[in-house]
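You will see chain A twice below: alongside chain B first, and alongside chain C after that.
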Partner chain A sequence: MKFRLYRYNPESGKQPYMQDVELDIDPAGRMLLDALLAIKARDETLSLRRSCREGVCGSDAMNVNGRNRLACITPLGELSEPIEIRPLPGLPVIRDLIVDMEPFYRQYRSIKPWLINDDPVPETERPQSPEDRALLDGAYECILCACCTTACPSFWWNPDKFVGPAGLLQAYRFIADSRDEAMAARLDNLEDPYRLYRCRGIMNCVDACPKGLNPTEAIGRIKALLVKRRV
Partner chain B sequence: MKLAVGAHTGTGTWLMQRATAIVLSLALPGLTIHFMLAWPVDFAGWQALFAPLWMRVLLLLTVLALALHAWVGVRDILMDYVHFTGLRLALYLAVIITLAGSVAWLAAVLWSQA
Partner chain C sequence: MAGRRFVEPGVKTRRFDALIVGGGGAGLRAALQLARSDYKVAVVSKVFPTRSHTVSAQGGITAALANVDDDRWEWHMYDTVKGGDWLGDQDAIEFMCREAVTAVYELEHMGLPFSRLDNGKIYQRPFGGQSKNFGGDQATRTCAAADRTGHALLHTLYQQNIACRTQFFDEYFALDLLRDAEGYCLGIAAMSIGTGEPLLIEARTTLLATGGAGRVFWNSSNAMINTGDGLGMVLRAGLPLQDMEFWQFHPTGIAGVGCLITEGVRGEGGYLLNGNGERFMERYAPHAKDLASRDVVARAIAIEIAEGRGCGPASPQRGGGYVHLKLDHLGEKTIAEKLPGIRDLAIRFAGVDPVEKPIPVAPTAHYMMGGIPTNLYGQVVAPARFGPEEPVPGLYAVGECACVSVHGANRLGGNSLLDLIVFGRAAGRHMQEYLRDNPYPRPLPGDAAEASLARLRRWDRAGGERVAAISDDLRHLMQGHAGVFRTDAVLREGLENLNELEGRLARAGLQDTSRIFNTARIEALELENLMGVARATLVSAIGRTESRGAHTREDFPVRDDERWLKHTLYSRAGDHVDTKPVRLKPLTVESIRPQEREY
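Showing the complex of A and B:
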């Protein structure tokens, strides 16, 4: 199979370039990550992140034939050749397919992704009704791979100010949680022309999400809450 | 450098964009059909189209909605691409003057004694 890989090593002093690679591999039953690891076995200078190899850890997000995907759950057979592989767009490249995730994590941290509840700690757990628990479906499954946020042009133009789809989905996850007491503060934190309202609903995030989540819908629900408390 | 975020605004602007979109989606096809039915018109016929007060009020409100809608959209584009605050403010001002001037000009034309 034919591959075109983005290569960049800042220590070499050379500009980034695309490397053509031929690999003898049977695509049946194999994922893109298998091919990349086979290429790395031949040329160990190829750098990429990977860990769980089953779409749970979210480390091997990359741009494959123009789409952000997880290499480990992308079947080789469904990709057209040459398979062009680049690092996630919109984040600084550290080396080859490894990007600096810090701008992404900074936005994630900014929404306080933890439960805020000042009540005395109960002896057992804090129970939820099945209906309240159902509100978290579609929000808690995010693995923070950054496929969605780095597919979003609003994040490309304002990565320092726009929270991005992954961060906003997580913000909604805590806003919707019946055990969380900080909804008003969380909405205050997001009500900003840049932090929330850079989203114009183009749904690149929905298209990119390898877990089939819908950040645009969550963003819509945040906006609906802001409208409700205002009008 | 630290960034000042948390303006506590944006919801009103977003709501205005949605509301004006609804106004435009109703008014623009209606006005277009109204003009098409009267086509072709000479200058006197064209003037007669705008003789009723409701027509002039409707057109002015529609164009006002268009201007507000355009303001939010163009402001969004400038916020995306123009990161130097001074330049962005100057461009905002130019857009506001152009849009407000166009609406005022339309009002003057509609209510002029020709």
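Showing the complex of A and C:
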């Protein structure tokens, strides 16, 4: 199979370039990560992050034939050749397929992603009905891979000001949690022309999410809550 | 050696009160305990914390909440002792099962999105090896967030640590322990993966929470980062490892791939079928059937396949046979609500939708019961002047890298996440006591980091052998020589082959000696750690001439309590295997005497 890989070694003094690679591999039942690891076994200078190899840790997000995906759950057979692989767009490249994720993590931290509840702690669990718990489905499953946020032009333009789809989805996860008591403060934190309203609803994030989550819908719900509290 | 000397010009040093090595569930739980105190705590992790392997845990965390059915922590304790084939220390098991209830409520209070029952309480499901009334009917004890409990738990703990402003060193690789002449642990030598620069992190107390080493096997459910780094550090420091012959093979990995299919599938009512369409577990475990403990089910599957009753043609893709895990009868609604992640994995990796067809499964290396020996507080213990067990001052270990031992010879499903939380919290508490009792940092000897810096430099040297090839061969070696069924001859052959591999590793070099994000260098350092784990496993397995829990010796097919109701302690010096007694005395309740183990 034919691959075109983005290569960049900051110590080489050379500009980034696209490397053509051929690999003898049977795509049946194999994932893109298998191919990249086979290439790396031949040429160990190729650098990428990987861990769980089953789509739950979020390490190996990359741009594959123009789309942000997790290499470990992208079937090789689905991809048209040459398979062009680049680092996630919109974040500084450290080396090869490895990007500096800090701007993404900073936005995640900015939404205070932890449950806030100042009531005295009960001796057992805080009750939550299955219906209330169901509101968290589609939000808590985020693996912080950054496929969505780095597919969003608003984030490319304003990575320091726009929270981005992943961060906003997590903001919604806590706003929607019946156990959380900080909804007003969370909405205040987002009511800003950049932090929330840079989302133009183009739904790149929905298309990119490897877990099938829908950040645009969550963002819409946050906007609706803001409208509701103003009237 | 009095006073502080310059360690090595140019090597940076950071100082904290407490240091946690590893950003998985155990490390983050301990870090949280410390971060909520006034002590300065740092977490070193070779990956961003939510990439840790805890994230892959599916089925749940076990605690006798009695939300669904009658339950008591004493029954949980009995099941854990029996599940571990009586090798677990009963004081530690009592502690874990008692503390389980509050530890799980605490997670809920932190925001963990548990699935819920109609009455609003935490959802619980039946899991393997669980019983009511000390071996009676099936219990329902495992608390779950759908089939993503590990993910929910790890993210919740990370979020809490952000709230407490824990200091994280993400993408730093831990090299070695720093110790002084009296054996005090004074921190670690590490390396920034991003820059390739070494960094010394000094701390009055250090906790190893580096996870398992399942990547030592070819067919493994483990993440690629599970390379036993903490175990390598401990071996290089001259400290022993305990019970390293005990590896759990999970019965239901996706055939040929190894990805895990949770026991929760069988807990929700799924079952196994062989090539003849027979529910074969009825023959092996007439009472518990598919919910017998994992060693029992994994052995049964291996026998079915070996005796020609597997499903499908023996092909390299499927690893020469598998059995079927049927769950379509649960219905699409239950599968969507309770097992959504499983359905996803099966469609992606096995090409079957479990709503319609059974999933092809086979045993896969999953969990290391052995590890760094510790006491109830997570203090690392080692034979010393005054007896077989003395704490190594300043050094702690919890989670899969540790052996406290609560899992004995075979871990029960749902007890792993529990182990992380209970002992992470206990270690965090005890480390605060240690910091109170040891208020002043001890001087770091000038040569404390020399060996690990030399180890780093060693990989700047060229060499003919390739790391990736040796790594592959090691994993095949362990798969072939230390798998579900073992004999003396096969284990010894494995050890000979390992000697040869170690020779090759000494001649190996890197093509890539760059500094910035050189993952080849990391893989070389990881391979050194895996080599130590493999040696400890083979030598300990040769030593234990009985079959107990997950350690099945075909040449010694029965459990031998007279000779082997004890832990093994492997030391690297001379490949020595020592033993120490199993603690059969719990803290407050009566001892559970060894019995015949039937399910």
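Here, the second predicted complex is superposed on the first by the 231 of 231 C-alpha atoms of A that agree within 3 Å, B and C clash if a C-alpha of one lies under 4 Å from a C-alpha of the other, contacts with A are read in each partner's own complex, and residues count from 1 in each chain.
Here, a contact is a pair of C-beta atoms (placed from the backbone, for glycine too) under 8 Å apart; a residue touches a chain by one contact, two chains touch by 3 or more.
All values derive from a computational prediction rather than experimental measurement.
Participant: Just to be sure I read the superposition right, which of the two partners does A:154 touch: chain B = first, chain C = second, or both, or neither?
Facilitator: Only chain B is touched by A:154; chain C is not.
Participant: Name the contact category of A:203: first (chain B only), second (chain C only), both, or neither.
Facilitator: After superposing on A, A:203 lies clear of both chain B and chain C.
Participant: Using the touch definition from the top, say if A:177 reaches chain B (first), chain C (second), both or neither.
Facilitator: Touch status of A:177: second partner only.
Participant: Would you check which partner chain A:25 touches, where first means chain B only, second means chain C only, and both and neither mean what they say?
Facilitator: In the superposition, A:25 touches no partner, neither chain B nor chain C.
Participant: Looking at the overlay, does A:189 come into contact with chain B only (first), chain C only (second), both, or neither?
Facilitator: In the superposition, A:189 contacts chain B only.
Participant: For A:1 in the superposed arrangement: first (chain B), second (chain C), both or neither?
Facilitator: The answer is neither, since A:1 touches no partner chain.
Participant: Going by the contact rule set out at the top, does A:223 touch chain B (first), chain C (second), both, or neither?
Facilitator: first
Participant: Please name the chain, chain B or chain C, that touches the greater number of residues in chain A.
Facilitator: C
Participant: Which positions of chain B touch chain A when the two form their complex?
Facilitator: 3, 5-15, 76, 79-81
Participant: Which residues of chain C touch chain A in their complex?
Facilitator: Counting only chain C, the residues touching chain A are 47-48, 50-53, 55-56, 65, 105, 108-111, 113-122, 145, 148, 151-152, 155-156, 159-160, 162-163, 194, 223-225, 256, 259-260, 317, 341, 344-345, 348-349, 351, 466-469, 510-512, 514-520, 523.
Participant: Once bound in the complex, which stretches of chain A touch chain C?
Facilitator: Listed in rising order, the residues of chain A that touch chain C are 9-11, 28-29, 40-41, 43-45, 47-59, 73, 75, 94-96, 98, 101, 105, 109, 112-115, 117, 121-130, 132-133, 136, 140-141, 143-144, 174, 177, 179-180.
Participant: Once bound in the complex, which stretches of chain A touch chain B?
Facilitator: Residues of chain A touching chain B: 153-154, 157-158, 160-161, 188-189, 191-198, 200, 223, 226-227, 230-231.
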